[in-house]
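By letter and in written order, the chains are A, B, C and D; residue numbering begins at 1 in each of them.
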Amino acid sequence: MSPVEQPRTPRQDDGPADLADLLHAMVRIRVAEETIGDVYRDEQEMRTPVHFSIGQEATAVGVCAALRREDLVYGGHRCHAQYLAKGGDLDAMVAELYGRRTGCAAGRGGSVHLTDLEAGFGASSAILGEMIAVATGAAWTFAEPFDRTEGRLGRIAVTFFGDGASEEGVFHESLNFASLHRLPVLYVCENNQYSLSSGLAARQPAGHSITDRARGYGITARRLDGNDVVAVHEAAREAVRHCREGRGPYFLELDTYRWREHVGPNRDHEQGVRPAADVESWMRRCPVRRATEALRATDPGIDARVATWTRQARAEVNAAIDAAKASPFPAVSDLLTGTYAT
Amino acid sequence: MSPVEQPRTPRQDDGPADLADLLHAMVRIRVAEETIGDVYRDEQEMRTPVHFSIGQEATAVGVCAALRREDLVYGGHRCHAQYLAKGGDLDAMVAELYGRRTGCAAGRGGSVHLTDLEAGFGASSAILGEMIAVATGAAWTFAEPFDRTEGRLGRIAVTFFGDGASEEGVFHESLNFASLHRLPVLYVCENNQYSLSSGLAARQPAGHSITDRARGYGITARRLDGNDVVAVHEAAREAVRHCREGRGPYFLELDTYRWREHVGPNRDHEQGVRPAADVESWMRRCPVRRATEALRATDPGIDARVATWTRQARAEVNAAIDAAKASPFPAVSDLLTGTYAT
Amino acid sequence: MRKIAYFQAIGEATVQAMEADPRIVVAGQGVDDHKGVYGTTTDAFARFGPARVRDIPNGENAFAGIAVGAATTGMRPLVVHTRDDFMFLAMDGIFNLAAKWRYMFGDRGGAPVVMRGIVGRGWGQGATHSQSLQSLFGHFPGLYVVTPASPSDAKGLLMNALRSEDPVVILENRGLYELTGEVSEEPFTVPFGKGRIARAGTDVTVVAASLMVHEAERAADALALRGVRAEVVDVRSIRPLDDALILESVARTGRLVVADTSWARYGLAAEVAAVVAEHDPGMLRAPVRRVTLADCPAPVSWPLEEAFNPGAESVLHACLELLGEEPGNGPRMEHVMKGFVGPY
Amino acid sequence: MRKIAYFQAIGEATVQAMEADPRIVVAGQGVDDHKGVYGTTTDAFARFGPARVRDIPNGENAFAGIAVGAATTGMRPLVVHTRDDFMFLAMDGIFNLAAKWRYMFGDRGGAPVVMRGIVGRGWGQGATHSQSLQSLFGHFPGLYVVTPASPSDAKGLLMNALRSEDPVVILENRGLYELTGEVSEEPFTVPFGKGRIARAGTDVTVVAASLMVHEAERAADALALRGVRAEVVDVRSIRPLDDALILESVARTGRLVVADTSWARYGLAAEVAAVVAEHDPGMLRAPVRRVTLADCPAPVSWPLEEAFNPGAESVLHACLELLGEEPGNGPRMEHVMKGFVGPY
């Protein structure tokens, strides 16, 4: 492969994505987050609490590869992977972490308030569950007659949220509304078993899944391995088709695991927060590694390509970091700008 | 039967209640509400919005007859029947409607804020769903080690709420917490198909019940005819046993129907709000009539007894009305009293 | 000019705005029913049907977020809460989403959602159905907050809200719904941040909002009989507040009474007093008086309720006190809502 | 006396109160984890274990009601919110249930629940994780609301709260957690409604709460160098507010600056100004100054954040302005949180 191969986001039409493209997207996100994590820790110049998705890349990549550009994705606090997977601008995200004027939220929002409407990333936010409602509202717009103009017909809204966020009442109220009105919204629960340091057993009754709850609203729901990017992508394509055909909302529960601490770049199992054996077992189920292994049989050059993608991604994110640092901060005289429309 | 027969609330031990006692309790509540409704409308002296349970008596009576005095019941805005069925003081309730010092809430709370701790009626409130959480919290106390003192062991909390209230997020959050900690709380949903003038079809996805949702939390749940007082009572006894044995929360969905308008004493189908045919069909399923008919085979004197109970209840509620009117209003100089403990 | 009731003015503004802008959708519990939120949504429902006048399930928390999601993707939701007390459940969506959306996401668009909240004062509504939350809403930058007192303002402020690019909270007192007044038939807007001199005077300024504007006017009538000329300022808008109008009036009269339907502490009455104190306390020839709720939850029993709610008489007494006059024994003034008949 | 950090004082109060009263249970998301809510629940968990230091699922709305249900049946829940912003979701339970329970149900018992809310100012926390909600809580009768500024008050006010028969909201600024000060080892209580003179002075009164007490003290240091003696009043308690202490100070100095971590409008700064204006505006020899947040949501970018949050320098400038002095070019004063290192 050529050294100038560009990092690509997965295709955004309705066809199935190539596994290689999915892998490439995951590698790029992994490298971006790892690089940002190191710089974040060492420099202390990105002054905004950051939640990494390292280890969970397959959910965002698999789902977003099933979407069209005009579909809107909404995320929670752990939103970098989703933003990048949907095609969000890396430079603008990094500049946002540095609080620069060129940031995707103009330096106002920080790590947890990403947006890139061009790429179809609606918004993310740090209050648990909020975007479950917001995405439902966007789907309401997409279902309204006045939105049924040429080219807009059939947009869907997608929201990613955690197992913890599903405990909030807004989950219940939103799913009820979406199911009642058969709104085109795809709910993606990234079940990484933890909310902060609290495992599922401390928060939800044993033996019953979030999927069971979604079904209580008459929503078609599936639970599957969230570290298997192909399975996620196939399930997402089915879900998207369902929503786009006007058959109402869809729910996916994707089992996965985060490798780093809840917020920040460190490894919390090193502090004894979670059983090291659990973390290690999930690291063996690394979505990047699994996709690479799956490809190796048919594509012996895959390791070299991954190495190339890694190098390219590192260069790309380093360039984004350099660009962000060279960008101006917002002017203090603009402090109030944007509070109201002018 | 003797003309001095006293109105009785159902027994509050663990044995099954006699159907005649259940019927008696329903008749008393029916008469109390009908009498209050007339006076409310004609006098305009009870200045507080009142929500009648006329037509729904079997739910409150059947459930409360399965409880012990020390169990705590919590209700919503439509709480008179529950208060009376649990043995709440009628005089104090009527005085509360008249805003008198002798009211159960000292004239501070009105129709929607009843309480009678002596009788084990904890509280009711007018914000949808609040008491679902409060009852869950009471059950938490009942499950705590420091509450396991003699005589208090095995108390349970019960909350009545409507199909409309079950749409609030607090329902979801409360059931999750109760199931997680196996709290001794019985959730009783009085599904009368309406929230204000909005039928279920306008509010919840078709083909899925509130019971389905409760099961999503791993809660044992049953749905049954809420106008059949014997069925309700049997189901409640089973539910109470479950809770008392520490097997966690229980959920009952009881189908029923209200005869009057949402708030106030009038008949809203006369204003075309609901199909008159629906109302009439449900009136034919009147819980009082059904219980009377069921008894008639074995107890030919039942109609005479119902007539007596009716007379007695009317006398009782009229006396309560007279007593309330003769009672003083709270002193204006006490306006602030009770804002904080003194 | 034609006179209509306050509730009719709201209904008319809704219909006219919806005619002009197909993006507007009314949503709320029971907005489509026979009562039509005290008649305010009846005409809109008759005209536009259920697609644009949408009954919604209970669930205020999510619906605040759903409305924000709709507003930020092209709709213009007009969300109706039959009691503003229910908005406690919607506060995350209102404060953390709607109010901050434009700023927090870098000024790439706002969340133009309009929220009507009805204040259910009196007639034994009780502590949880009669709160007046203007000072809570007013605290947060990013929101507009208005409290129309007259039928004309009820129309004009709502029409302005429905053209706003930013979120607006409108608090309407249920006690004003039957009040009639002149209202232009044409669509018109009343801008945010502009108060109004409801009655001109020279001796004392009464700054009031919503229902209290009427109590203040009645107090002014009684004062006029005694030769005292009270000026009544209707703030109309809680955020932004028309500081200039307040200051200009107090500069003339030297005396300030603030009358509000909520509590004194951290309330509108505090803010108005602060505006004067931070501009020039030297303006004040006498201490400021706050005429507000008693400092307790709302009781139900009617004698307590009468004592709890401030009325014309409390405004009158406050004014007389500032002027160093005895209240004397004029006729007792009944509350505005006297004669109201239930059920509510 | 022994010195400990603010967070340790909270932890110590919790343990001592729990030892004395078996009804107290700590509950909150992650209260049992390795971080122990910034070290404030660590000791209690070590001592009493999970039965009394209870990790809870997410779901702030229900949990407010659950806590009220527990409190009204005999428990004493101490509910911890790692950001007070999350309490928007709990407001129905706080305002409609906890604050009103005693009154609304005829004074047959209260809802003694204590709610700690941490204000997460600075370090790019962003608009939804750094709000300071004291004026919202302070508006409602039935609640006690306190804002400890020192380690000693953090202990004494929490111990007082845990003995209260009524609900209490305690707002703690995350920026104070590492601050050390003298704290008695014995259990003790600080009563509600009593402010404190943090520093005596004669020329200007700075009334402040929480973190701003420290900024005010630093401003007072700088003023002292210029011969100006500023008095700093720490309100400690938002509801009830110690009016008498504020009035007594302003009567002496004739000048008032109010420094708060929230917005000016309908905020603590408004209430304090109103207290003076309604008592005797003649006390004021100069206009009141409000030193508060800029009127926008909290930005993340640090230069904006620095400009957004008031600090010692803004207090200093406000005081000098009231005294008719030029700020001159003294050394720039850094914010209290300067040097903080993430992740938060």
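As a convention for this text, a residue touches a chain if its C-beta (ideal position, glycine included) is under 8 Å from a C-beta of that chain, and two chains touch if they have at least 3 such contacts.
Chain by chain, the UniProt names read as follows: C, D = Alpha-ketoacid dehydrogenase subunit beta.
Not measured: the values here are computed from a predicted model.
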Of all other chains, the one whose Cα centre sits farthest from chain A: B
Chain pair repeating A-D, as identified from B-D, A-C or B-C when over half of the contact pairs by residue number coincide: B-C
Distance between the centres, which are taken as Cα means, of chain C and chain A, whole angstrom: 42
Chain A-chain B separation of Cα centroids, rounded to whole Å: 47
Computed distance of Cα centres, chain C from chain B, in Å: 36
Multi-partner residues of chain B (at least 2 other chains): 103, 105, 107-109, 113, 125, 127, 167-170, 172-173, 176, 180, 203-204, 338-339
Overlap residues in chain C, where contacts from two or more other chains coincide: 56-57, 59, 61-62, 85, 89, 92, 96, 103-104, 126-128, 141-142, 295-297, 299
Sites on chain A touched by chain C in the complex: 72, 74, 103-109, 113, 115, 117, 122-123, 125, 127, 130-142, 144-147, 157, 169-170, 172-174, 176-177, 180, 337-341
Of all residues in chain B, those that touch chain A in their complex: 167-173, 176, 179-180, 203-208, 212-213, 215-218
Residues of chain B touching chain C in the complex: 40, 44, 46-50, 96, 99-101, 103, 105, 107-113, 125-129, 164-165, 167-169, 195-198, 202-204, 261, 263-265, 268, 271-273, 329-330, 332, 334-336, 338-339
Sites on chain C touched by chain D in the complex: 61, 85, 88-89, 91-92, 95-96, 99-100, 103-104, 126-128, 131, 135-136, 138-142, 239, 241, 256, 262-271, 273-274, 276-282, 284, 287-290, 295-297, 299
Of chain D, residues touching chain B in the complex: 22-23, 25, 51, 56-57, 59, 61-75, 92-93, 96-97, 101-110, 141-142, 144, 164-166
